[in-house]
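For reference, the structures are reproduced in the following blocks.
After this come two complexes, each holding subunit A, first together with subunit B and then together with subunit C.
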Partner chain A sequence: MVTPYLIHFVVFVLGSLLASLYFSFSDYDILNPPKWKGLDNYTKLFHEPVFWKALWNTLYFTILFVPLQTVLALILAVALNQKLRALKLFRLAHFLPVISSWTVIMYVSDAIFNPRFGFANSFLIKIGLDPQKWLQDEHLVIPLLVIIAVWKGIGYIMVIFLAGLQNVPSDVYEAAEIDGAGTFRKFLNITVPLISGTTFLVLILSTISTFQAFEQIYVMTGGAMDASSAGGPHKASLVLMIYLYQEGFSFLRMGYASAIAWVLFVILFVLTVVQMLLQKKWVHYE
Partner chain B sequence: MKRKFKSWGTFLLSITLVSALLLTACSDGKSKSGAGGNGDKGGKAEKVELKLGFYSSAQSDAKMQELIDKFQSEHPNITIKTESSPYNQFFQKLDTQIAAESAPDLWLSDGVLVPKYAERGVLKDLTPLIEKDLKKDDYFGLDFNKDANGKYWGVPQGIQIAVLYYNKDMFDEAKVEYPTEDWTWDDLKAAAEKLTKDSTGKYANDSAFDKNKVSQYGLTFFSITEGWMTVLKSYGGGVLDETLTKSVINTPENKQALDWIVDGMQRELLPTPSDLKSFQSNMAPFPSKAAAMRIGIYARTIDANAAELNYDVTLLPKGPDGKRFSPVIANSWVINKKAEGAKGDAAWEWVKFWATEDEVQKEWASLGEAVPVKKSVANSEEFLSGKPENKQAFLDSFEFAGTLDVNAVWSEWVGKFNDNINRAFEGEIPADQALKQADTEVQQVLDEFYKK
Partner chain C sequence: MKLNRTRKIAGYTVIILSSLIMVMPFLTTVFNSLKSYAQYTKVPPQWIPDPVQWNNYAEVWKLGPFGQYTTNSVIVTVLSVVGALFSCSMVAYAFARLKFPLKNTLFLVVLGTMMIPPVVLIIPQFVIFKSLHMLDTLTPLWIIEWLAQPFGIFLMRQAFLAIPKDYEESAKLDGCNPIQIYWRIFLPMCKPTFATLAVFTFMTKWNEILSPAIFLTSKENFTLPIGILSMAGQWSGNEQYMVAAALMSLIPILLVFLFAEKYFVQGSNSAGIK
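Coming up: the complex of A and B.
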């Protein structure tokens, strides 16, 4: 029974991992065999301002996205964990964007944020404010992408939290009520600590997924029309994965792109280890 | 113990299986190429299977298949296996296929991608075959695939050449004379001023015109081919020198051309790059009646005709010294360097079939997506009739046609150039600073590839 798994592991996991590690130390244009270059790609990477810009953009995206989505999803999950009428309908409504493709979301958000035709600008003009360029504005692009990503992703995280909330025993709440704790008190002193294991999982998952953010930014900044314009305007939304894609597939520098991938891996590995160490301080397991 | 032995056994078995699989795959490939080698000596009747790649489109796939069938009936010993997918996927897959040595024997390449493959050693040098079998004067565009050393890497499949498109209804409505062949870029701008309209219907030459609410642009303008290259070149500037390895961006001519563009964009007679993002596609403003003029290649007639515009075309305007330039892209058949012997011969048969047979050229021209490669067909009534009326303008433009300084790192340097020049277009940095930065960054891209 282990044979099919081993074939899969050797060919598609271990093999490709080792190959990309080798490419990252070589000059590889895909069309011709790789040539060993030692640390060249890594030296170039650390001296390349575009790499640092992409790294900063990725961190900025993550710092805005992860806390915002986690807090909002938790609030939503608590709200939808009560006995409401049409509860399933509400849950379903929040889950709908999760299953929609980014292309669909792109069209929906374009109807709102298109600088010429969208309602956001018609609304601003109506209340007497200046219209904005939204996704074409260097300063607004990442915050706006984060808001859209939270809107799309929140349903998924909410479902994970709901599962966590349902494991909190109701007798703990009853005891707290007898002691005279209010709703907010109960949330802060019972719910939050008792679902900290779930919160930890959510934090790890969403940090990893934002570091790998690609599709949303590619689609929403015009990559589908022209791959080299993805990550715009003026590289303001160029994150590491878009940078990697352009270098590797558009400009045929697969060795350099592999080096980016390995640096990304090291960063994620370190972040995950840090989170694991920190969890001892705040995560409670029963 | 027994258990351990068993799992080791499975492990060994699986390793053996995997290696067996790999070995058969290799020997399979070898035996095939061996057969091809024999076929080479064996004579003409030898069966050849040719792998033909092309990027597909809804408009042209049926016609392509029709021509493939015709070719197979004329060459019964050649079987064509097609490989096609939409443009982006086709080229991405092609790169990985080349790496895996499973690329098609010949494929249709976008004209701007020919040097990308040629200079990385993937394509077959077609110079001797062209010298032997094609009369160069009979065709448009052979020279557009010639590299700096005089070698030919492809034979054009269809030509894209740019002219000035104009919407007659918009000119009539604004009471502006139609463009003539004597226009300079300044004449164009003067007309654009009378054709750019805001959402309340006021034209740009009216003092009450609101440039934040443009509903109709005088000219639409996008990136290199249908944007800045024509203006730079007709002002006497350009991007790369004749070796295509050195940037000549930072010149007074380019500065003058750039000033012309920036002024037009700042007055919103032309959409800025961020204005263009409001449209679903960079190509949309003209067919969707949001622009009175465009610089457009031949393929743009398809959208203009589909939108039932009342439009025509004429030569692109002249620069201040009367210099003209029309950008050209020769989408071409290229042959894989690995296609040797009978396969290589069969691939060349296909290229000859495409380029030399009038019938094939006419059939393809009937799709209306490119100017025919063969001059006799391009000059025939079949091509010249139909909309737009002045199709002759496309043929006349060959007199001053030039390529887009295409080399192995074309898309990358175009990206760097756009990054800088777009900032000037948006009014964020002055034109001379944009040119200086573009010059440095483009040269870096060139050096990284050519000075290795």
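Coming up: the complex of A and C.
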């Protein structure tokens, strides 16, 4: 009965891991068998400015996205964690972007941020500011992608926090109220430490997934029409996954692309271990 | 009492404000999908469509392979959901109830594989499907779900472990074999977990972009999310059709959400545990 998983593990996990590691040390274009090249791919990678740019873009995206989404989702969850009317309706509103594909989100954000006929520019002009090129602007592209990603994902994280908040016993708050603590103090001194376990999980999971962000950038920078334009303009939003995709699947440099994958894997592994070690300092366990 | 009231008002303010931020762009998009091309590209933009072109939605079906993309998406999603439910529950049943060598080690392996970032597995998967001559077919997109993904195994096993053993023991006395026990006891008792896994697989597969972008090359095999984008060239001068097409692709998942909201919420929470 475990056969499906055994096939899955042996072929698609263990076999794939080993194959990928082997490819990363070889020259491989899919059509011909891989040729062993030792550390060649890695040396090339570390001397390639585009790789460093992609690494920086990935870090920049993650550093903006993860804290922003976590903090805002927590605030929303706290606001929602009481007996409110129309709770279902509010939850539906926040899940609408969560259940949408990035293709849908692309058209939704285009309605606002289209450089020609979007509402954001029409608003800027109305209040006397210059219109922007938004996703086609090298400096704006990552911050704007981050804002859109936070907007899309916040409902999901909010629900995870809500579950965490429901486990905080209400007598702790009552005791604090008797001691005269205000709302803000209670949030900072009770809520934040008591749900730090949830916060930790959210941080780990969102760091891991943000580091591998692909779909949003691929779709919103026009990768589906032309793979080479993904990560634009001028590689300003080129993250590691887009770089890997272009090298591997556009140029069939599978060995080199596998090396990118392994570098990404190692960075993620180190980041996760560091987060695990740091958790002892700030995560509160009862 | 007074404090509670201010808290409620503050809560409502935050939530209503943020709900508006969530919904207004969608409403604007719905309006865009009903405009004529002239109004869609008008500068400065107008919010309300005038005249309202309902037939934009009909044109989508006429002018392109939208129907084909929908069929492809339905095939991939349905086969994935069935495969995930079948394979995960089977493997989870084995982990929860059967005795076999290395069971605990293997379960640790399941947990461990959840930690491996998919990025290192993509290229070998591509090579495997190429050697199986499955590239540019829909098969790679759903077949992987028939091989029990770890998250589903984990979710199901938790649910199965919560079923008291007395149930199956009395069933065994009545002469039920393991398959009957699975079908008559485990399945009905764990309906919510099945629903949660179904809903999550549905959402992931319906919206998936990375795998179709890698495995599919011919346009007629595309699923909706990349298919719609590929129609751009065909519809230049009528981009409002693309907006209508994108919104239509949202309808099935929206319906699933409306009917199964609580399973979405449960799934999000188990994702937190994951």
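Note that the second predicted complex is superposed on the first by the 282 of 286 C-alpha atoms of A that agree within 3 Å, B and C clash if a C-alpha of one lies under 4 Å from a C-alpha of the other, contacts with A are read in each partner's own complex, and residues count from 1 in each chain.
FYI, a contact is a pair of C-beta atoms (placed from the backbone, for glycine too) under 8 Å apart; a residue touches a chain by one contact, two chains touch by 3 or more.
These figures come from a predicted structure and were not determined experimentally.
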Subunit A as common anchor, with subunit B and subunit C clashing or fitting: clash
Which superposed partner A:H139 touches (first subunit B, second subunit C, both, neither): neither
Partner chain(s) touched by A:F249 [first = subunit B, second = subunit C, both, neither]: both
Partner chain in contact with A:D226 - subunit B first, subunit C second, else both or neither: first
Partner chain(s) touched by A:H284 [first = subunit B, second = subunit C, both, neither]: neither
Subunit A residues touched by each partner, larger count belonging to subunit B or subunit C: C
Partner chain(s) touched by A:H234 [first = subunit B, second = subunit C, both, neither]: first
Which superposed partner A:I30 touches (first subunit B, second subunit C, both, neither): both
First, second, both or neither for A:R116, with subunit B first and subunit C second: both
Which of subunit B and subunit C A:V10 touches, first, second, both or neither: first
Which superposed partner A:K88 touches (first subunit B, second subunit C, both, neither): second
Stretch in clash, subunit B with subunit C, out of 26-34, 62-70 or 80-88: 80-88
Common interface residues of subunit A - those touching subunit B in one complex and subunit C in the other: 2, 7, 11, 30, 116-117, 225, 249
Residues on subunit A engaged by subunit B in the complex (per definition of touch): 2-3, 6-7, 10-11, 29-32, 114-117, 131, 133, 135-136, 222, 225-229, 233-235, 249-252
Contact footprint of subunit A on subunit B as seen in their complex: 7, 10-11, 13-14, 17-18, 88, 92, 95-96, 98-99, 116-117, 120-122, 212, 223, 274-275, 277-278, 281-282, 409, 411-412, 414-415, 418-419, 422-423
Complex contact set, residues of subunit A against subunit C: 1-2, 4-5, 7-9, 11-13, 15-17, 19-20, 23, 30, 75-76, 79-80, 82, 84, 88-97, 99-104, 106-109, 111-112, 116-119, 122, 125, 151, 155-156, 159-160, 163-164, 177, 183, 198, 201-202, 205, 208, 211-212, 214-215, 218-219, 223-225, 241, 244-245, 248-249, 254, 257-258, 261-262, 264-265, 268, 272
Subunit C residues within the subunit A interface of the complex: 3, 6-8, 10-12, 14-16, 18-19, 21-23, 25-26, 28-29, 32, 40-45, 47, 87, 90-91, 93-95, 98, 100, 106, 109-110, 113, 115-128, 130, 144, 146-149, 153, 203, 206-207, 209-210, 213-214, 224-226, 228-230, 232-233, 242-243, 246-247, 249-250, 253-254, 257-258, 261, 264-265, 268-269, 271-274
